[in-house]
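One chain, chain A, appears in both complexes that follow, with chain B as partner in the first and chain C in the second.
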Partner chain A sequence: MTATPTATKPAPRFVRADGPDKVTGSGRYTADLTLTGALAAKFKYADVTHARITKLDVSAARAMPGVFAVLTQADVPSVKFGPFVQDRTLFADGTVRFEGEIIAAVAAVDAATADRAVAAIVVEYSPLPVVNDIEGALAADSPLVHAEWADYGSILVRDRNDASFASIAKGDVEQGLASSHLVVTSRYVADGCHAAPIEPRAVVAQWEGNKVTIWTSTQVPFDARAGVCETLELPNNRVRIIVPHLGGGFGGKCGFHYEAHVAALARVAKRPVRLVFSRREEFVAPDRRREGIVYEFHTGVDADGRIVARKAWLAIDNGAYTADAGFFSQLAAMHALGPYRIPNALAEAHLVYTNHQPSGSVRAPTAPQTCWALESHTDEVARAIGLDPVAFRTLNAVDTGAEGPSGQTYGEIGVQQCIEAAAAGAGYGNPLPDDEAIGVAIGWWPSFSVPSGAYVKIDGDGSGQIITGAQECGTGAVMTLRQLAADELGMDPEDFELVYQDTSVAPYDMGATGSQTLFNNGRAVVAAAGQIAEQLRNLAADRLEASPADIVLADGTASVAGSPDRGVPIAELAGIAAGGELLIGHGSGMPPGPPPTVGSTCVGDLGMSAWVAPQFSCHAVRVKLDRDTGVARVMHVSAAHDSGTIINPIGAQGQVEGAVLMGIGQALTEGTTYDDQGRQRNAALLEYKLQTAADAPPIAVHFVEINTPDAGPRGAKGLAEAPNVATAAAISNALAQLVGAPVRQLPMTAERVWTALTEQAAQS
Partner chain B sequence: MSFTIATTLDDALAALAAGARPVAGGTDLVVGARHGKAPLPEHLVAIDRIAELKTVTETADGVSIGALVSHHQIETHPLLTTAYAGLADGSALVGSPATRHIGTLGGNIMNASPAMDTGAPLAVMLAEVELRSVRGTRRVPIEALWSAPGRTGAEPDELCVAVHIPAPDPRANTAYVRLEYRRAMEIAVVGAAAFVALADDGTIAALRVGLTAVAPTIFTGNLLGQVGRSVADAAAAAAALSMEHSTPISDVRASEAYRRHTVGVMARRAVEAAARRAAGETIAIPVNRAIGIGAAS
Partner chain C sequence: MSESIHLTVNGVAYPVTVDQGRNLLSVIRTEIGLTGTKEGCDDCECGACMVLLDGQPVNSCSYLAVQAQGRAITTVEGLADGDALNVLQRNLLETGGVQCGFCTPGMLLSATALLDRTPNPSDEEVRIGLSGNLCRCTGYAKIVAAVQLTAAELRNG
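What follows is the complex of A and B.
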């Protein structure tokens, strides 16, 4: 007999319950739903970007055969809504402010009839001056996007086109800059871009009596419900939101979108109504586009390269209405200061109304582009003081026990380990061909600590169900809940089915947003499963004549600690419970509160200047440049992340890979361009260039797992957004080496790189 | 509105004579209609089942490629990927694997987009297009076929049945390169094809360059002045002439200045790659992935 070789540890199973449905095509998405008698919905859009409506006549459309409902603002409650500024109505209310604003909605017997009815709607406009430039909008004499801004309800610091001002100040920045050995000043401009999920959104609504059920492709079902209830003036318990499989979101499907329009149509038409977006609508209409930002930085360092002071000024494109972008000014201000030790800091950020599509949370809102700008600037500072970019970051980045730029002192964090691991994984410092370079950037991202709930039950046959308010948008985070419940109960993840994405069945959760599912809903599931664990221990203690405290739940069995042969299968205990007190757990758990800050003041504070369980990352990216054309190609990405404990390694790896590829697109090819009226010029997948599988480089992922205070279950933080933060910045720093100067506009398209190369050649 | 399926060439020609428009793979026609470029024609005849238009035949004077030959057939065909490598370079760049399996050579040519990827290589090879109708058959030099963006000189009842390419000399070959921002699902920002024949001493014996997406139609230049010069000199001259004779537009994909600059780069690279092939070197299909932009490593 030969000795068996040491068995390698089997790769952890990827607990992904929705995988087979999606891969085989048996899964149903919202647009797949058909209800008897369903009508097709279509919207009439403004198409112009700023105008007063002088005439709106829907009578011809209403009179068309096959048309069941035509609605305008006159047909719905007069409610102004918006999470931070109540500046919006369901339909245009006298004035249109961007091309995708909805003037009217039609429900007709089929899509072609609905299209004809939309074409029969008569709208006449009197043009208003278009606000198309972010900085220009802040000028004292700029036309106003909202003449009535002062009358809106809001919790923000506002002034005319400035919809949300926020600042973070610590120490004395002017004094700090004046006393610095040298000061580097930079300007960067990031264009807006898109979430571009593969599934254009769809909404189906059906009334039964005074209750409505809405199937919708949303990332945030409870938020969608809140929007419907607010705008149609309905109580929560008469609106049920169900989300079938979701074909990606990336933040683009956060917020409240067209659920109320479709529900209102269905109520008037007295039939189910179905809305399915075209790709162009998906680009132009939703208030969820990644915001363009203009940046100015001044960083002063001492003779050793230590940061003495940093001043940052930002103008963020809000677009025509304030969606969830209200908090962007404070979040962007944090990203503009960065995860650095800065004794004297001042960041001032303005969220500026323009006549563009409204901005909203897209994967790590404000962070990739702000990290791009700050980290490109950081490399300029390092070069000016003669320090290697990695050495500069090691010297200046925060660390365990250090104080960050807003006065938060960190518990155990892994940013320094990330820098080391990413650089090592990239072979940083090894010689490279003349047309290749490695750029390095660090980034950070908060964990969002919010309320969340779940139920767990185990039926008489020993099979379990997790009934959760959490929403799955493709990250797999909800799938990981099965693993948490199973571990808590000594069962197998496969023993659990998920019941989710139905607001009338499960308790509240914020949704697939803010990388918060595992952090908060994980806590809820652990708490719910914990209640059942206690029930099982009591049942087993009875059966085994032991103390409940000595019962161990493992491998599907409840046994007495120290005597594994004294055990009873959990399924058997479930059978006993089915005849007595049922196995039902409910959980929520208290979300950890915000950490303190010392010595800083924040204007426009929304609680974003101190972060619970912050996540850190460092990306080192090798780029190859075709200097004749400016075409850059990413050859290799080394991504190191401190996101706490990694519970689902395969899922985590997938999150980093996907986010990195999205970051490459943001860096090189994805950017919205506008015409002189503020209309998108590239609202289609041919001209808005996502990266393809053929473009994907090898991506080496390294997790720095440290023991974070106040983290989520088992020390996990979150991972959906953090890996999207630093990629574009690292690419920029590689390109700057190859070009000889930074490319100061994002995306760094081939033509922009070529222009920078041409300018460099002219200077030398 | 009518839709018929032709299984023989005669059926198809009869349908065209009766006013129908042909649809082959539909990757231009149907996709364009869906995007609102032009509505679907009133009467359509599907030609994709006509077996006799799906073959590649080596002839005494070259090769004949049936109009329904797919880009995938071209990019994997032993003869086309060697002696007519520039055409295979073009077909291998089209869209995605799915597009290349469905999209046809005839559709590419007859769609007459100035950004089409097989046009410039076919033009520098002096290919001829065979057009047939119930009235008879004629052959047109391919460059003369395109009259404006989306327009050909074919009569509405004429079907493209084949493309004929003359056999190159033993020391001649072609290459096609395009500027692209990503490695799949792309459209040529600009592109260039070159036909190079080498003399025994390695100097240029013949040089033609064809340009994509820098004028209303694809056009070529016969660079007689480069005969007898070195490949490097000829490539530089081809770059300069390409920049000079292009009339590119500015649009969301690129500015006029950037297109003018990069078409020169593409022309130079096409000449260099075609010359290496003419000298007997094998450069993998497509050149875009083997060297320069979008290269694998």
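What follows is the complex of A and C.
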């Protein structure tokens, strides 16, 4: 299917259940909530990036009229937390390690009073040497970001500033490189960037007795609950997380953030407390920034252009604390090898502490920038051996039955079909003006197989509710659950309302992260609805004097197979059930286990080297370059995806279009720059440019739908992250043709492109 | 210094007492109690706070409430025709132009102003008309399609 910005009307098959709330303004987001007596929360940030606190005095702030609570680390349990390395506390504990570190939190009668109280907090520092360079941090004589690193609890392979080392090795890479016909060596550097959801985060907390309810703009309510419980030492059943409508996340609102700070303030203040972030805070404070990475690649090919060996080395910017980035080293190592047949492979990745804002899962973490680097390198290899970039990928990419770089042998996959479809959709090979070129790149991404739960009930009037732990962040994945339940029960999606985003109401789900909602919660909803289907069949069999096995549920009616006139409306059966055994289903289902790998060894293994139901993509992007200024404009994107069966076509297309545009931003304009102290220099939307409607090119979307083993409901894989992977890489490969050499730093800003053009001109 | 003024929002006059330095956005959201208008940056960069003043799109985060006296203010809550969605709201929903929904109110108001002054816009005019409203979810294609669909429906009566 092809999406073009013309006035063609798609079939309105999946109008979002939350849509009317969102187009009328009646939908409430967290910052829209008010509670009687609520106080405003503000944080005192470190502003310096590495220092020992020599004095911290909050007495003047506490004494101010209208101030109800001022908290520091001394006022909360002494708990170090972190999913992979327990290296962090709620408030700075003697040392600050990045500019957005929280020194203290204030709750006051209004925001202006809270701001004055924050300004009255006295902090004095003794400076420590700033670690501002990713590679330099790995040097033996580098200052340490965490002098006490060896004492932290962790499951990772660590050494000083190296917070997580991982490798994937197969065959003999040195021998493979030595025996290659030619070897290409490349270096690339990706700057960090941001998720930048349009809704800044907000948290509201209210205590009643010993229980707290927290409304928060999180993508992961159960993870947020776990963080509150761990740091404030509370049992799960006394903390209730509710997410109102969520204004986008893109990974930026994953993890546990400020729920505990606000809950702690509310407990001391004995009032509800409300925190709303400014745009600057949204840039500077969260531990969810896309990581900068330094890459070195060596790829050896034989005389026919077949890959013989690939060696990759990566240094990933962890920032000051290890949020969920612990698994990035192994994931990035996979992306650095890529979806290729490589008999001899070695990828080594270091996750490196610096005094930058901490990194964390932003849409397909590590993948877009690693794909950008690897696929730019791949075009260098293709050029060196004299092969067309598409032909090189067709020759070397994995395929059904082929073995990938980590020793996983794939079932049916669609990467080759993606290459063909994307190239065709871009008109690859057709003549172009000399200021335009088409670049091609392939990418991949896992489906995450994890536990998940849902309830389904049908009340006496025949209307249904899906009560799910799943979280909707805008993708429509939760909205699609209605279709699955309806199909299972022979009902209409409109018959179901969704009850979601409340940890005290629904069973566990991992949240809007890892593109996993449909894959896992879909399985749960189908299982829950299946229990009700069985109840309905039994009720109908009694009523129609037939066998339950012969009852068909379709079009709102339970009827006998082969005798459509012998039927009873499901609503009538629901009325009968309301006077007896109620129609209640619960589901989870067993997530598929990891596929095996053969012949590879992984140090620092976190289960990321073998992927259930892997997704593949190819993007072919036409770029126009103004050689006088270095300004690049994306003219057209052709995106082909194997994400399994597409259940919600409008939603799926929207995911690809949105992710591609995010990829264009990452390619050309979105990159964080730091000053010499590791502070962000462009923490605002004027200095950090997102793509606008006027920048956006036509995007043609093609789904390769194949029969995937171990997929989710009806053969669906994940989707939301995969289309963010290959866009920047394809743009790079178009630019390299126009410039005459790769632009080796991401984002490929006009200045960097112009510099590369100038260097090329000097060489020729 | 506070001032007692009347603000007319979606055809209803609201008496409010506001500090002269207050922006229109916070008064609409707090005193008037209409939270459909969003704050995304407080710096005129994202367009989430867009409202119409006498039909002209304005970032209400950077406009003083006292300046809006005597003007007709339209927010997203004023678009629907009673309980029925207007044609633009319906098309935005049906084309898939709504994902997280946070930019949606501002986007709807920009599009309303655009269609009001340009009933037969080119795709380029739509894209430029919406370029003050950042959307991080959709890639804009479905939003542009919804505006074009609405233009066609309005032209054909």
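Criterion: the second predicted complex is superposed on the first by the 752 of 764 C-alpha atoms of A that agree within 3 Å, B and C clash if a C-alpha of one lies under 4 Å from a C-alpha of the other, contacts with A are read in each partner's own complex, and residues count from 1 in each chain.
Methods note: a residue touches a chain if its C-beta (ideal position, glycine included) is under 8 Å from a C-beta of that chain, and two chains touch if they have at least 3 such contacts.
For clarity, every value in this text was computed on a predicted model and none was experimentally measured.
In the superposed model, A:Asn237 makes contact with neither chain B nor chain C. When the two structures are aligned on the shared chain, A:Gly248 is found in touch with chain C, with no touch to chain B.
Once the two complexes are laid over each other on the shared chain, residue contacts for A:Ala694 go to chain B and to chain C alike. When both complexes are overlaid on chain A, the residue A:Leu686 reaches chain B and chain C alike. By the touch criterion stated above, A:Thr669 is placed in contact with chain B alone, chain C being left untouched.
When chain A is checked against chain B and against chain C, the one touching more of its residues turns out to be C. By the document's definition of touching, neither partner reaches A:Thr601: not chain B, not chain C.
Once chain A of one complex is fitted onto chain A of the other, the partner contacts of A:Thr185 are absent, as it touches neither chain B nor chain C. Once the two complexes are overlaid on the shared chain, A:Trp754 sits against chain B while remaining clear of chain C. Chain A uses residues 684-686, 692-695 to touch chain B in one structure and chain C in the other.
Residues of chain A touching chain C in their complex: 3-10, 12, 14-16, 18-29, 31-32, 196-200, 245-250, 276, 278-279, 473-476, 650-651, 653-654, 656-662, 684-686, 690, 692-696, 698-699.
Chain B makes touch with chain A in their complex at residues 35, 179-187, 252-255, 258, 261-262, 265, 292-295, 297. Considering their complex, residues 29, 34-43, 45-46, 48, 75-77, 79-80, 85, 89-90, 92-96, 98-105, 108, 123, 126-128, 130-145, 148-149, 151-152 of chain C touch chain A.
Chain A meets chain B in the complex at residues 626, 628-629, 631, 633, 635, 668-669, 673, 681-682, 684-687, 689, 691-695, 749-751, 754-755.
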